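The two complexes that follow have chain A in common; it is paired with chain B in the first and with chain C in the second.
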Partner chain A sequence: MSHDNPLQHPEVQVASGRGYLLTFLVSTLLMGVALFLVTSHSVAPFGLMLALSLCAGLAVIVQIYFLMHMDLSEAQIWNTFALVLTIPLFILAIGLTAWMFQELYQRTMVMLPGMPGMLH
Partner chain B sequence: MLVDLQGPWSPLLGRLALSQIPYENHILAPLFVVVVILGLAIIAAISYFGKWGYLWREWLTTVDHKKIGIMYILIGLVMLFRGFMDALMIRTQQAMAVGPDAPGYLGALHGYLAPYHFGQIYSAHGVIMILLAATPLLVGIMNVIVPLQIGARDMAYPYLNALGLWVTAAAAALVMVSLFVGDFSHNGWFGIAPIFELSYSPGVGVDYWMWVMQLTALGSTLGSINILATVVKMRAPGMTWLRLPIFTWAAVASNIIALTSFPALTVALALIGFDRYLGTHFFTAGLGGNLMLYTNLFWIWGHPEVYFVILPAFGMISEIIPTFSEKPLFGYVTMVLATFGIAGASWAVWLHHFFTMGAGPAVNSFFSVATMLVGIPTGVKVFNWAFTMYRGRLRFETAMLWAVGAVFLLLLGGLTGMMLAIPAINYMVHNSVFVIAHFHQMLLVIVYAIFGAVTYWWPKVFGFKLNEAWGKAVFWLFTAGSVLVFVPMFTLGFMGMTRRLDYVFNTQWQPLLDIQVLGIAVYSLSVLAFVGMLYVSIRDHAKNQVSVDAWGTARSLEWMTPSPVPFYNFAVVPHINARDEWAWRKEHGFTDLRPDHYEDIHMPKNTGIPLILGALMFLLGFGLTWRIWWLCALSLALIIALVIIRSFDSDTGYTIPADEVERMERGHHERARAVDLPAAGVLGGAIAYGQADPAVKGQGAALGGGMTSPEGSRV
Partner chain C sequence: MSSSTSKAIDPSSVELWDHSHHHHDVLSTRTFGFWLYMLSDAMIFALLFAAWGVLSYSHSFAGGPIPADFVKPGYAFLQTLALFGSVLAYGFTMVALKNGNKAGVISGLWGALILGAAFLALDINDVVHLLDAGITPQRSGGLSAFFILTQTHALHILFGLLWMLVMLVQVSRFGFTTEVVGRMLTLRLFWHFQAVIWVFVFVFVYLRGMLI
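Right, the complex of A and B next:
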């Protein structure tokens, strides 16, 4: 059985020096921003958490797009499938966690400074 | 940047010192001597018989999915034994340390295990049984069977497969080393926040636990990527998704769970690592730490992990029951949907492990309902198995006994699980041994399915059957042990006995604890019977030879290959015509198809790199545990260098010429003929029939139109 060169497959041909470099730069930049926000205490802890989550979300999108070269083409169908599978899991894990801890904080009165629920 | 440690540290040995070797311990020191003697005996035996070359060529460097699977199963069995010994110590200690008048031995106040030692034993028992016994056993069986069931010659990534094995072996080695060098974690298998923080657990036990878990997480992730890619990309022509054997479906579902959930564990453990090594405050009790967040992160992985281990077990039961009921599986599509229903629900139930956290009625209700929903697909499965057996020609051979036993245990474990899913009940029995008894029932489902699967697929892998009488003895002893240990445990749970007790204050519990000791003694007999079964079966293997279809009524594709399976699995990649392909072929008399010609087969080459990488991972884990920084840097640098060097190696495969394939295939056919001959009319009947009857031959030609290429016509 003869094997084709696996590097010829379209789903493998995603290497791109420019994409890798861009991902590296953007990720480093986002990490730098996050580090600056934390060390400078420029925002109250709850706001800081939101800002860091935003940075992390941006980093994920940059990595999916520029590093992993995910797109909706036919050759990448399994990657798209994996992404579609992951998004609900992501929402479940983060969303349910946020919900249960918000409820817990209300009961134990452990509040992050700057949290909206602090008023009552 | 690093935290200040209590106690000495040297640049050369880190925290390692002679005082860390427990040579004064009355249990570990003699055990160490026994281990050294046994190890030397094994090394001497291998040298005496001159088997080092064989071991290196055929096993240590192999990338063959079947041999890797067998080694996974061996690791799993060894660790199962280790975990069993821990269980034995837990049971005897609890029975000995009842009431203030209970005598103490070996330096313990009551019983023979000091609380600190006892804590390590139940922690090791949990980690080992779940991550280093059940998981390798299941991964091993998936490794052997999945490629055979989908008509593939190997995994999609044979090299990655070997790497996953050796990373798992490194984890097993690390947990074993913790017996004799330093000590193991004493904060439960799941880690109790914030006891695992450095200020409360200053020793190396938690570090051992953390790196063992990290290594198994890495190994399992690599393995799950491999099985998913194999099933997606390597199915034989005609093997559409709805023709996939049910065990392969279970493997797909369970590996999706593994791939998506293990990162949560890796993150949780890495954050503990930051806390313990760098002094951050992720899970500390103060300074902004959130200790319930650890419990949350752990069970985000932990609950899917539970289904990662139970789904393959369901798959095995679904393969065994139809074979010994001589009927197709009832409700194949609903079975697949139920598998994915369980897998999907696994992501929304994790809070039921900490209902008592106090998240409030809305949250608890959501997770309670979600947990109960799991009962629906599981119920579908149980009814499907029952309807498969309904009006079947049932044969209670050993494998079938294990499968039916697993279904009974599933009912017991499942119904107690439904009880625990109700928060009001959960608040009452939380942290009691009722919970322990419940999840041991569920894990016993897995153990039963594994023993059933090993009995069922043993002849496929080794070419002879296990001894039936001894196999049944193992089953009945094991079952008696289970009843004697866990019925009293359920009772004690209702009576209020909490888990992890190194000292039992209530003397009224003594009789039930004694019955449990009797149960563990019967379990020990079943271990002896298991060894006896292996001995007798291997001794008599010449008498118990089987050919392709060992049980006569198997249905799926793996039973088409010769037994034992040649390293290339299929000389010609089969064309799949039906869901139960082998049953379809037997029905239509296509059991002895021979191709017109053979083609070259391309196979992956052996490589020693995964073994070396595994050894380096062990050193890395050991170095990190003891904070020997030079060892960490060196092993990490070597790992990275080796991975890069290997990635430039383009010569990773070789070709078996067609005539060589033909010669080997002829050998397999001759063996099958010789084995089948005495049993003609039973096992070999179909083959003889297809050979002789010209009418069937004509029918074969007519029907074979869609399936001639590339298998060719019958001889």
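Right, the complex of A and C next:
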């Protein structure tokens, strides 16, 4: 597969102004919604964390698809594959650490003031 | 198949190696390699987020200032606008590159550079004010985790800005060679990935900080 003109390469040709503009608008809107939810104090903490995570998750999915161009096309599939294989590592690294420390705190620092107010 | 196997092979003249010149797909290979690097870089962020997760309980702040006292979500939203704007400007830079528009690439890079610098200036201003107020990394484990996570992201932004300066010089001096286009593509991955990381920093550090 030779490309005499590097600008004809699929990695260059995948650029899309409309996709980038859409990503900007959607992710800015979602971050605005998240900001409003936190500052307006209108949702209880647990529901709030759920709503915040939803905003972050949606914004990231839009960015991964329209900005990073992760899809199943021939030019991009290996990038997508690498990402899909790395996501479990993120989940294990963060999830197991959070779980272990939560258990540890509960077993070792029960008497500590402020613990009942924990939001985890 | 039968025709090729029935042909007698002369060992003295057989070609063992394929000497013909093959073009490697340099741009795809480099982009993929850099993407693997970005994912390993993201593992650093995963570990910093894990550290923040376990050091953001109310007892993690050792009786000192807690995030609800000092995080300013509205201010962090300004940073969000600056960074997303910079990422959008770099997106338009890539559209100009696709169209072979050199002036468009140069002005797009300047736009991304200026907005990225605005993000960094907002961050530095925030950090200086926190340090002045005695909110320092050494005050508590929670604050250490807060500073290391947010400032590791800021450090990435700094290196992205330096890289953009280099690309401004290289695009105007060398034009759209395979080398330069390859660097524009890897910088695109680097810069756009910073927006993804920022979504998590904004939501799980600055916004969630309001609830701790």
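Keep this in mind: the second predicted complex is superposed on the first by the 95 of 120 C-alpha atoms of A that agree within 3 Å, B and C clash if a C-alpha of one lies under 4 Å from a C-alpha of the other, contacts with A are read in each partner's own complex, and residues count from 1 in each chain.
Here is the rule we use: a contact is a pair of C-beta atoms (placed from the backbone, for glycine too) under 8 Å apart; a residue touches a chain by one contact, two chains touch by 3 or more.
Every value quoted in this text rests on a predicted model; they were computed, and no experiment measured them.
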More chain A residues in contact - chain B or chain C: C
First, second, both or neither for A:Leu50, with chain B first and chain C second: neither
First, second, both or neither for A:Ile64, with chain B first and chain C second: second
Partner chain in contact with A:Gln106 - chain B first, chain C second, else both or neither: first
Touching partner for A:Ala93 - first (chain B), second (chain C), both, neither: both
Contacts of A:Ile77 with chain B and chain C, given as first, second, both or neither: neither
Shared chain A surface residues [contacts with chain B and with chain C]: 1-3, 45, 78, 86, 89, 93, 97, 101
List of chain A residues in touch with chain B within their complex: 1-3, 45, 78, 85-86, 89, 92-93, 96-97, 99-101, 103-104, 106-108, 110
Of all residues in chain C, those that touch chain A in their complex: 23, 25, 27-28, 31-32, 35-36, 39, 42-43, 46-47, 49-51, 53-54, 57-59, 73-74, 77, 80-81, 84-85, 87-88, 91-92, 94-95, 97-98, 100, 176-178, 181-182, 185, 189, 192-193, 195-196, 199-200, 202-204, 207-208, 210-212
Partner chain C, residues of chain A touching it in the complex: 1-3, 6-7, 9-13, 15-17, 19-21, 23-24, 27-28, 31-32, 34-35, 38-39, 45, 48-49, 52-53, 55-56, 59-60, 63-64, 67-68, 75, 78-79, 82-83, 86, 89-90, 93-94, 97-98, 101-102, 105, 109, 112-115, 117-120
Footprint of chain A on chain B - complex, ascending: 232, 256, 260, 264, 288, 290, 292-293, 296, 300, 347-348, 351, 357-360, 362-363, 366, 599-602, 653
